[in-house]
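So, here come the structures, one by one.
Look for subunit A in each of the two complexes below; its partner is subunit B in the first and subunit C in the second.
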Partner chain A sequence: MIDFSRVQKELQECSRDIESSGIRVTPKSDNLGRLTGIIPGPTGTPYEGGTFCIDITLPDGYPFEPPKMQFATKVWHPNISSQSGAICLDILKDQWSPALTLKTALLSVQALLSAPQPDDPQDAVVAQQYIKEYQTFVGTARYWTETFAKVSSLGVEEKVQKLVEMGFPESLVRSTLEAVGGDENLALEKLCSG
Partner chain B sequence: MEDYGDSDEECYYSDDRESLDGLDNEDSHFQRVTPKGPKVIRKESLLAAQREDLRRVMELLSLREHHARTLLIHYRWDVERLFAVLVEKGKSFLFTEAGVTIIESQDNDSQQTSCSTVRCDICIEDLSRDKATRMDCGHSFCNDCWTEHFIVKINEGQSKRIRCMAYKCNAICDEAVVRNLVSKRHPDLAEKFERFLLESYIEDNKMVKWCPSTPHCGNAIRVEEDQFCEVECSCGMQFCFSCLSETHSPCSCLMWELWSKKCRDESETVNWITVHTKPCPKCHKPVEKNGGCNLVSCVCGQAFCWLCGGATGRDHTWSRIAGHSCGRYKEDQEKKTERAKRDLYRYMHYHNRYKAHTDSFELESKLKKTIMRKVSISEEKESRLRDFSWVTNGLQRLFRSRRVLSYSYPFAFYMFGEELLEDGMTEVDREIKQSLFEDQQQQLESNVEKLSKFLGKPFEQYSDDKVMDIRMQVINLSVVTDSLCKKMYECIENDLLGSLQPGMHNIAPYKSKGIEKASELTTGWSSKTNATNMFLSSSGGTSKQERPSDSGSSDDSGCFALKRARKEDGGYFDLNLPAEVVDRS
Partner chain C sequence: MQNQEEQVADGKRAAFEFEPKGEDCSSSILGNSILHSDGVGADLTQQQQHEEELAISSLQQNVPFVGDKEPLSALAAEYQSGSPILIEKIKILSDQYAAIRRTRGDGNCFFRGFMFSYLEHILLTQDRLEVDRVKNNVEDCRKMLQSLGYVEFTFEDFFSLFLEQLDCVIEGNESSISYDELLNRSRDQSVSDYVVMFFRFVTSGEIQKRSEFFEPFILGLTNATVEQFCKSAVEPMGEESDHVQITALSDALGVPIRVVYLDRSSCDTGGISVNHHDFIPATGNPPNAADGSSETFNPFITLLYRPGHYDILYPK
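So, the complex of A and B:
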């Protein structure tokens, strides 16, 4: 069984320092087994300015088994599948330690965005590009960030859909969007803080 | 078997609880009694089998048992390599690599005991100190979390190296803590853990392998030094230690693998053969076409035409078979089929001979009973001849040489064929070597047949003089075949295998006495079916047991103070050896 009391504590601890970390974790439903993580793209990278959503599924053995994480937002990165969003990161596999948390894991994912490891690629095409034509890689990654990770570039219906996909109820999404004047970043923040 | 006479050291365990942690009492003393050669490791002797290795490491590095085990598991039970790393890179490197952490931690302890509760960083609960456990690395978490962690790891099959829960801590958890905590919640899982630990000695050790018998006899075999050898388990299974298939020297493991596969595949070719035989028009037996010529003749003497099956005369010219004119007579010209045919015939040549000797071996094994009966009849006769050990010896020699002969054919098939040959050998070179080898093979063959013939004679009905004569023949032939086998192995090892890809073909050395029987690992342990119980000590008495008995039948199970049985004038009876072998030594 998942240790829900620990998950609760993790969520509290995480929301406490949203300001400093920028990392958010919100449950998709009541059962805490499926969550959404949100990380801001690190500054000084092609991912800067983007907001990246990550699907989190907790296995029964959590925290003694690693959480399953996968990008919901499309990303162009050597260690993240451009197709499925699968992440190649050691701490999500054999280097997982029960002492790590969802927040520390998401911080590691964020760090991975800053420091790709093309030698251990998840996406061979991206990795090849990263090694051989770095400038093209940067361009593509930035374009993907603009296209997929910036909610503001979307129309209202797309904004709604995007936020619903993150796991928020549609009616709540619509009312929140209205309340903040259509700025999906503000809406997201509002939705996340409850 | 080698003699056990030189091993008159005693071996016993005292019943101190500490020895289980490796902290021995002064008087507890252990030495593995080591007759040379392969050993059978039973479930009951598995722990004892690892004892010596553990002990060596514990003594040299002044370590506790579980640390020694962690090191040995990391170095795959290769004590020599472990020591080499120690000498080259030092103790701390050795420990860090393997995840052994030993810290002096009194300071920490006294500091921590000052407050009565601790926070577990995993479940994020505050709890009283006695509900938490600190590992050797210094990391402390609550018992519930540790237990959960251990259970997940054991279920993942990682029992042998359960790491600490702290992030990036490489330390391996103390097996005693694992055992203790897990058994409280999941006794069966604790047992599994125990077994994994014990079996690491087999699984991770290149000198120890499970016996490949099916159904599995439960034993493992440990060899010394050379992995290229052939052994017999106490269950009777004989196998090649290196590849775990049947014994196959002087064939190399790779050759044997190819050959077995080929034999399976080519059994389809047997169909080819049935398609390619035709019934004789006279006696109706299937007759095989031999070569390209379409005039075939049956063993009954009838000649007939392959194409139409009609009876013919025995003469033919290129265009015509005498007395026959079906008009279709023509030599087969197609190169491809010729080549395939040539390859097939080459295979059949070797396979037939291989098969012939294997069949003879089986027949002769069955004959053994008959021959031994002749011996007992002879022994009861009023006669000055009393000693019939030449018969048993001759039989052993016959079996041994038969096997060598049969496996020498697949060897030759690959040695002189094109499949495995590297550029190293020229055509001329190969022909010379092949004919030398075939000479040896033929010599061996004819002597083996002679030996078989003499042993098959009804000597129980013969006069003493005639028996004496046969005896001389059998003894001579035994000696001759033995030395021919030895020569053949030498020739293979020294002159032939060298021209194949180096390192790929190793053969088990020739053992005159036959395939070596693994001897029992002699230990002081009483037999217990459950390894876990070995760790439960008791207030054992000091009753002595002759040998560990076979199953969990020992009554005084808590007693570890056992002494090995010793025959007065040295030499041990090994109950697993047939009487004849024991008698001879």
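So, the complex of A and C:
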């Protein structure tokens, strides 16, 4: 049984310091078992300027069991599958502890973006490129960030689709996008702040 | 560590993705995988240790978090055709100890054993002074965690559940429980896991509070910093406890613990004896500290350590 009262507290805490952390967590629906996490790409990395969405599913045993996290945004990184978005990170597996929270887990994922560990890869192809052709890796990672993690480069329908995929209802997405003049980042902020 | 995808390296991508289960990949943002060591007191070859751990682990599937009290002969039966040193040591143990209570070997056995043993002691002695004393220490632990920057909601539920159990084992409260009910609760995952997490928080807080004291011991086990050690070897469920964790928990709560070692080590002099180590709280206002008595304090919690596992022992 998921400890929903704890999840509520986590969401409150997270929304309190969005300004400083840049980390957001929003429920996909009334059911708190499925959420979307949003992390900004760390500055000074090929992910800078990108906004990365992460699908979060809470197992029944949460917080004793780790949250399941997977990138919804495509990302080029040795420890993240370029196809499925699966993340290779110890704290999401056997090193999880109830002392951690969704926010600290997302901060760890963000730290992973800053500090790839090609020796322990999730995506062997990316890891090989990181090791053997670092400049090509940086170029590819930056290109993927520009292409997939910056919603402003998308057409209206793609923007709608993207925001719907994050778990917001389509009609609300359309009206919000309209209200902010089509800027998805603003729309996202508005949607998140409810 | 080898990831499944590595097997299809050479730039050719597998046609499908593996599920993100990947137990074999373990990137750590600490950049430091900690090798766990169970090296308490035992001087064994790995093979011997492995055999002993197998003997224990094969029995674990059906063991509740804490089992029933069994006569010490049950322990002897387990080693009937085993090492002569162990058989001899169990014989020696049976002079001093009457019974054993097994715990599940899931990496939390030290904490589960400590939990049951402590609450059982309070239930049987109705030592209200001890309850008050330990509650004061629990409050200090709470403040320590806050000052270390832990968010209150991550630990408050575990703290309240432990304090609740303390009140329940004292008679005359509305919530008072019987011995059988204590056993039931200790076998209930939602109680046992919460109390284990309470202990893990307390242990982690104590280690970080006295990081200068613990640092050399931690460096002897891993090459991690104190904080990394707490995040990776104390706070996650299922991480086994060693000297460092036992010392910290004993100090933080001010509760002495005796650990009796049952392993294949023997003295050079040829005589076989059973070693034990008493963890006597260095801080945390231990029992008897106030009454000025100089007699040596006998820990009321005794655990039997076999490489990788702790059970509860009952003295005669």
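Just so we're on the same page, the second predicted complex is superposed on the first by the 194 of 194 C-alpha atoms of A that agree within 3 Å, B and C clash if a C-alpha of one lies under 4 Å from a C-alpha of the other, contacts with A are read in each partner's own complex, and residues count from 1 in each chain.
Quick note on the criterion: contacts are C-beta pairs under 8 Å (C-beta built on N, C-alpha and C of every residue); 3 or more make two chains touch, one makes a residue touch a chain.
Only a predicted model underlies this, so the values are computations on that prediction, with no experimental measurement involved.
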Overlay on subunit A: subunit C relative to subunit B, clash or fit: clash
Contacts of A:Val180 with subunit B and subunit C, given as first, second, both or neither: neither
Touched partner set for A:Arg6, first subunit B, second subunit C, both or neither: both
Subunit B versus subunit C as contact partner of A:Phe64, first or second or both or neither: both
Partner chain in contact with A:Val164 - subunit B first, subunit C second, else both or neither: neither
Comparison of subunit B and subunit C by subunit A residues contacted: C
Which of subunit B and subunit C A:Ala99 touches, first, second, both or neither: both
Contacts of A:Ser81 with subunit B and subunit C, given as first, second, both or neither: second
Subunit B region in steric overlap with subunit C, selected from 183-191, 327-335 or 561-569: 183-191
Residues of subunit A at both interfaces, subunit B in one complex, subunit C in the other: 3, 6, 9-10, 63-64, 95, 97-100
Interface residues, subunit B side, partner subunit A - complex: 121-124, 145, 148-149, 151-152, 165-169
Complex contacts: residues of subunit A adjacent to subunit B: 3, 5-6, 9-10, 61, 63-65, 95, 97-100
Residues on subunit C engaged by subunit A in the complex (per definition of touch): 1, 3, 5-6, 8-9, 11, 13, 17-20, 22-23, 25-29, 31, 33, 150-151, 153-155, 157-158, 193, 197, 200-201, 204, 231-232, 235-238
Subunit A residues within the subunit C interface of the complex: 3, 6, 9-10, 13, 63-64, 68, 70, 79, 81, 83-84, 86-91, 93-101, 108, 111-112, 115, 117, 120-125, 128
